[in-house]
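Read from first to last, the chains carry the letters A, B, C and D; within each, the first residue is number 1.
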Amino acid sequence: MNEESLKLSEKLVPSNYIHQGIQARQARENTIRQLIQHRKLPECGWDDVTIEMFLQDVAVMDSNNFNGNCGVGEREARIYSSLVYKRHFGLGHGIGRSGDITAVQPKAAGSSLLMKLTNSLALDAIKIAGIKSVEGSFVVPMATGMSLSLCMLTLRQKRKSAKYVIWPRIDQKSCFKSIVTAGFEPVVIENTLDGDELKTNMAAIKEKITLLGADNILCVMTTTSCFAPRIPDSLEEVGLLCKEYDIPHLVNNAYGLQASKCTHLLQQAARVGRVDLFVQSLDKNFMVPVGGSIIAGFDAGLVEEVGKNYPGRASATPSIDLFITLVSMGTTGYKNLLSERKELCKYLTEQLQSCAVIHGERLLQTKHNPISIGMTLSNLDDSIPPTEVGSMLFTRFVSGTRVVAPGKNNTVGGHLFKNFGSHSDVYPFSYLTAAAAIGMTRNDVNLFITRLDKVLTKCKTNKTDSLKTEKIDKS
Amino acid sequence: MNEESLKLSEKLVPSNYIHQGIQARQARENTIRQLIQHRKLPECGWDDVTIEMFLQDVAVMDSNNFNGNCGVGEREARIYSSLVYKRHFGLGHGIGRSGDITAVQPKAAGSSLLMKLTNSLALDAIKIAGIKSVEGSFVVPMATGMSLSLCMLTLRQKRKSAKYVIWPRIDQKSCFKSIVTAGFEPVVIENTLDGDELKTNMAAIKEKITLLGADNILCVMTTTSCFAPRIPDSLEEVGLLCKEYDIPHLVNNAYGLQASKCTHLLQQAARVGRVDLFVQSLDKNFMVPVGGSIIAGFDAGLVEEVGKNYPGRASATPSIDLFITLVSMGTTGYKNLLSERKELCKYLTEQLQSCAVIHGERLLQTKHNPISIGMTLSNLDDSIPPTEVGSMLFTRFVSGTRVVAPGKNNTVGGHLFKNFGSHSDVYPFSYLTAAAAIGMTRNDVNLFITRLDKVLTKCKTNKTDSLKTEKIDKS
Amino acid sequence: MNEESLKLSEKLVPSNYIHQGIQARQARENTIRQLIQHRKLPECGWDDVTIEMFLQDVAVMDSNNFNGNCGVGEREARIYSSLVYKRHFGLGHGIGRSGDITAVQPKAAGSSLLMKLTNSLALDAIKIAGIKSVEGSFVVPMATGMSLSLCMLTLRQKRKSAKYVIWPRIDQKSCFKSIVTAGFEPVVIENTLDGDELKTNMAAIKEKITLLGADNILCVMTTTSCFAPRIPDSLEEVGLLCKEYDIPHLVNNAYGLQASKCTHLLQQAARVGRVDLFVQSLDKNFMVPVGGSIIAGFDAGLVEEVGKNYPGRASATPSIDLFITLVSMGTTGYKNLLSERKELCKYLTEQLQSCAVIHGERLLQTKHNPISIGMTLSNLDDSIPPTEVGSMLFTRFVSGTRVVAPGKNNTVGGHLFKNFGSHSDVYPFSYLTAAAAIGMTRNDVNLFITRLDKVLTKCKTNKTDSLKTEKIDKS
Amino acid sequence: MNEESLKLSEKLVPSNYIHQGIQARQARENTIRQLIQHRKLPECGWDDVTIEMFLQDVAVMDSNNFNGNCGVGEREARIYSSLVYKRHFGLGHGIGRSGDITAVQPKAAGSSLLMKLTNSLALDAIKIAGIKSVEGSFVVPMATGMSLSLCMLTLRQKRKSAKYVIWPRIDQKSCFKSIVTAGFEPVVIENTLDGDELKTNMAAIKEKITLLGADNILCVMTTTSCFAPRIPDSLEEVGLLCKEYDIPHLVNNAYGLQASKCTHLLQQAARVGRVDLFVQSLDKNFMVPVGGSIIAGFDAGLVEEVGKNYPGRASATPSIDLFITLVSMGTTGYKNLLSERKELCKYLTEQLQSCAVIHGERLLQTKHNPISIGMTLSNLDDSIPPTEVGSMLFTRFVSGTRVVAPGKNNTVGGHLFKNFGSHSDVYPFSYLTAAAAIGMTRNDVNLFITRLDKVLTKCKTNKTDSLKTEKIDKS
């Protein structure tokens, strides 16, 4: 309702009541104004009413929602199904233009505004998470792997002769494939075993650089977040090396934004050495559905180039999801989630430790991994393959554990990995991992430990026969 | 977004794009302004976006949606479930105050505004439907029967000694019960058979008035819409009689608003004679869920008194439903629905006529009933009771037919009705009725006729055995 | 998906994954099955997914949602607007039939099932709230006042000559009007002042009964929940009296279900004396939007009669809202809300006490009122009328306080009440009340006390000039 | 509700009513079963109720929606905001696995099933649109340009030495950039002017192939849908050439699926020559929001390889949108849309022709372009640049026209294009284009012509002064 409508309303409802209502409305509009002005997470999270109000404001500014608009182009954001229309809040134009994924669209002022704001909020969230000196970032509706490919494709334009990407091994298919898909040859650096931890082999990297020649190397791609017993790569050392040899440094920060250890590594590596671009998953760090990531960097110009390299428009969905989520959380909410995660990681470690002791196992000592925890599986009944533990947990409604046992080889993108899953050709134990990721609850941990305990009890004595017929018993 | 937000947005999106968006938004706000100003159905219906925008505007003006409000009363419109919250668009305060269902609430400026507007729209719709001289009306969240009771309870306050309600028989329970529930004694007037039609027995009414004494009669309650072969009551004649004897005239206009014959009767009766109040169903006339009605009259003061007589607040749901529906329809849409109904009634009559002929039946000649049509069921196989035809149709997904066969007596509210369902102690035929109500489609008619034809075919030859095992075959 | 669909799905997705999904689905279906079987609140509340799944199951069983159905009746639950359709989950037929609001509808198996279940859940909730021996109850889509009228109209049918309703005064318009609307003459019993408390004058009631004659009295209508300093009526004593004189006893339990003191009174009164029917508000006790109430009693037959007396179908909305809310809460959630309310009432009392002391006021000693608390307003600046305090609080976004100052007379339904609002012709103080109602939060109390403190500070010194221009400052 | 629940329901609602409800439900479940069985568009479109029922069925099969599930992985599809949860129907896991975008996920049986079905429906839709011999396809949550890049990156793996992409010029940035981003050098083939039409210069292509060497050429990338006066490329001839020289043929079928002329070209080219992969936009062909495309081909194995090349999971949103849309349309609805488009194209041509004549202009004769139509802008007032016409139309709420005037050069991805926008260095006229795209209405055409007529009228006489101050006047 505009001023005039409110004035006219006073003929129907006494003006002092209307006035109180207007004041309440203005408070909400003020909240929105502050967001547009400061382009940072609000201190307190917004309620859904304000969010929907804003999304509606935005939607009616897009041409497909203009009353009386007639469209005679080939792309008019007509939406056939009202179910689809509703789930997109009427926003049909996506983000970006054919030239640039961060460009505004004349036909879609609202969508463009939302996209710009979301990119600013993403930048702010990265800072809150600990990477204070980040300079540029944008949300891209592709998951981490494809986004890493896009970064490499952009770097290629400056390093026409480069053929190789140096990559400390991490056994996760999509980051390896991102190199192959981008058309480069991955140079796998085996990790070094240090106690239980698997860490970056700096000597091997240096050796490869010398061997291949810096100009032939597109970039070094390191990883922060990973499954134990691997730990985050030595970003600072790699950063220094990259600086020294003038090689781009691309960081796969998949779910590292949620852990201050990872963000600290990034911040430091950029400060003392070189980090060109780093990519993080939206779903894993911000609790939105799978499908987007943030490409960020310490040089706004380079980040912009990546954006310009995305050919064509793109889905607004990940941006909308992130927008809603970040304004819902607010700074306070987001920080709370981060600190709760840290505490739950401690709690999970303690509980898992107690459970391990009972069953004659032990935790892997991987204190440099801030998210994932490993427990040996060394004392199972002989007839039970360790991986069975994972299946048994899954049928008991525990999702997300990973069991790794030596001996499984795998060919990814034409490259053979020995003991795939363990990040190492030679890791000596079978083990199970669990992770304390953002959004986990204390109840998740408790349920997990109870069910794990039951499964391990079952696996210690000979239960092979009964296994086949067992029914799922949920604790 | 307020002015300031829009201004700030121009830092992110070029001002000419923003400007185009603002213009489109203003067009919507203007639509809303016109509604508040004129309080009549818009010419063209609103789209859902504008409706939701308006409902949101309204909701944030209610105290339960004030950010930072603290409630320390016994009734603060807290809503526990977010599903419930959403379905009510955040509106929790209902309508009315303890003293008056049409009063505004200080805590709920938005809900109050919506209620006032809906009552105005209802009045306008009644006029569009043909009752031009209606003076007052309000939506009440009770179905027709209970609303008729409320009218009678209000009339009582002016006619303390009145005990009787004169009521030309119509075999529908709730209107009869509305009299009993209100505490009055119904004086049933048997209808007169005229050809196939059952019509008001004016002589009997007059006789009863003389017999009982005008002062002892609370009102005469007539009916417009009804199942054939009954036809609408002779409202004009009754109205003249009521005027003459100074007896209130209450009209049950249940689903009569959709038929110009019924509204014309009301308009005429009020012009030449007397009509005090008339009640119509929301669901039957406006295609909203069951639960509300409109109480209207030709004396705004009397209508207001009825509103003041409703003790306490009430559900806003029927008002919200009607609001959404009327602004969705617009004058154009509503008029189209009315004229389509009229055409479909003709079409249904023709189709039914053809079908009757094929099966050796005939249509009842009830041209004064503008909605309901009857067809004899005189040639069924002896082993099949006529009511079986209704069941067979229902299991073939035809809903809404009614089969009436002589011989069924029924006691309602302590009163015995012979041949209940036929509006008459003596109606000579078994018959089936079908109605052309607002919102019906040509496809409804076609499906109905096809299925009726199949059922009648089945009922003409001896099929009793096979009936028991038949499966539903949907055409 | 039916069995066959799931089987076919295994051609697309491995059967063990599908199987896990089926198990999870079955767990939800089992939850639903238990509800239908036991018809009691589930121990743990349902999540929204299960609720929506159930509502959808129910909706597709109503004829208006049958694919291929053709409707040829006058009432086919067609819904014009998709916004309206969605908010009703596709349920359009309402509840009840013309004869009986608790009857099932052939055309609407789903709606009928939902209605029946909701009535059972309501009964269970009443028991959980403390009225263990309740025997019958149903949800009616009318607020408390109109429902009380309906009870009286039902009682009339057994007490044809009764004219009076004996009513211990409580200054709330709708319950008084419920008597007048039902066509009876209220016999107001002034309350007795006992310390700060206003309580039932038993002697006066007895005297009136003798004076008017038991047969001429339709019922005694007592009240449980009320604003301090009035306390709940002496239900037990009244119940005994009603038993002795064979007079129906109707209890207005408006928001009393949330307070064990009130439910205990009802339970006791029914055990030792007589309680025929008691009515409670849905919104005030269950945190749903305004519009419904539960009519309950200790004789299932009588409760059924009330249901049969409602003429016609009715809105399903209050039933749907209550259903969703009760299954969301579960027994655990509902009990928690009840005990939290009790604790918050204590907390509110303490905080208000501290605030009173600071400003030279005192709390009214009304320990028998379990919900509402009064504080004197005896030391305001002379130029400030006590009611100003209420307005000042409202503009500071405190809703729900009530300020009562002697001297305000009011005519309701033709009856003059001296000092209307104070439940008494002679209450000696000005005071402000606040209530600890279900759903209140600790934050509500804190905000209230802070703002009250500011307002009182303002009102103690001469601020009359500044008052006029003050801006709202929200704490 | 499962069988048991329905059985138990018969204690509350008569079994014959329940039975009718069950039958209606089974009809819906049968519809769903047929879809899973046949994996083709249903003949008749589904209503939203069935769609939501199916989506809910699917959602509860994903682990994030399991009641009692505990997640201890790094990716558990937790969703923070309930607004986000709702808009994704609870589906959080996206589609694909790290290795393959078309792989199923153990944690997400429901999402996996939906993805598989959608890919099958997409294949069916392509066939319906006319490309009968298509063998494989999948939906990818990237717009056309990025999808073309992905195709090229996949082709590279088989043609390691290839450096060039031969590309008949089309002036749309993202398809050109798709080549550059993929790391290849575009070889631009200028179009041939034939009458008003711009068509493929076959001789030039052949010459380039010979010059560069077939092995050095990754592929020829042709285009079907395009703005007039360019016409679809000579796919058949190019296909023959590619076959002859053993060069992959990639087709940008951006919005060509909606025009039988384009699909016929594809079908023919594949039959007589060679087409490896073709890519089409979801939003432009199926009226869903921007963000997805379908990658398809005539060799299922190759299409699968492209899917395996996408590194990582991806957004399910475009798949969900397409699923909903295709089952909503059904075969009937989709075919109707296609034929309506064809008719409207004729209508638009006629109307534009009449308008052109009035203003002394003429239509470009481009009968081989089935979607886009051009009209000269040769007689404007000298002071008005032709592009002004586009702006004027846009401010009059006509979106989608394009005005091309000679003289605008543009550098895209490092390559200079003369007269960018006209697909040709030498096109002789200024002109305006309009397109008849799927979903357009007759009203769109009428509004467009009316407004165009006004604008042209304005531009014929000297209006430069008034232009600056004009207000938008919407017809």
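Definition applied: a contact is a pair of C-beta atoms (placed from the backbone, for glycine too) under 8 Å apart; a residue touches a chain by one contact, two chains touch by 3 or more.
Quick caveat, the model's predicted, so the values are computed rather than measured.
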{"item": "Far-end chain from subunit B, centres as C-alpha averages", "value": "A"}
{"item": "Chain pair showing more contacts of the two, A-D and C-D", "value": "A-D"}
{"item": "Centre distance in Å when subunit B and subunit D are each reduced to the mean of their C-alpha atoms", "value": "47"}
{"item": "Centre-of-Cα separation between subunit D and subunit A, whole angstrom", "value": "29"}
{"item": "Centroid spacing, where centroids are CA-atom means, of subunit C and subunit D in whole angstrom", "value": "55"}
{"item": "Shared interface positions of subunit B, touching two or more other chains", "value": "20, 24, 52, 63, 66, 68-69, 82, 106, 394, 397"}
{"item": "Subunit A residues within the subunit C interface of the complex", "value": "20, 23-24, 82, 394-395, 397, 472, 474"}
{"item": "Residues on subunit D engaged by subunit A in the complex (per definition of touch)", "value": "48, 51-52, 63, 66, 68-84, 87-89, 91-95, 97-99, 106-107, 141-146, 148-150, 153-154, 156-157, 172-178, 180-183, 225, 227, 255, 281, 283-284, 286-292, 309-318, 321, 324-325, 328-329, 348, 371-372, 394, 397-402, 412, 434-440, 443-445, 447-448, 451, 474"}
{"item": "Subunit B-touching residues of subunit A, taken from the complex the two chains share", "value": "1-2, 4-5, 8-9, 12-14, 17-18, 20-22, 24-33, 36-37, 47, 49-50, 52-54, 56-57, 59-63, 65-69, 90, 104-106, 109-110, 112-113, 116-117"}
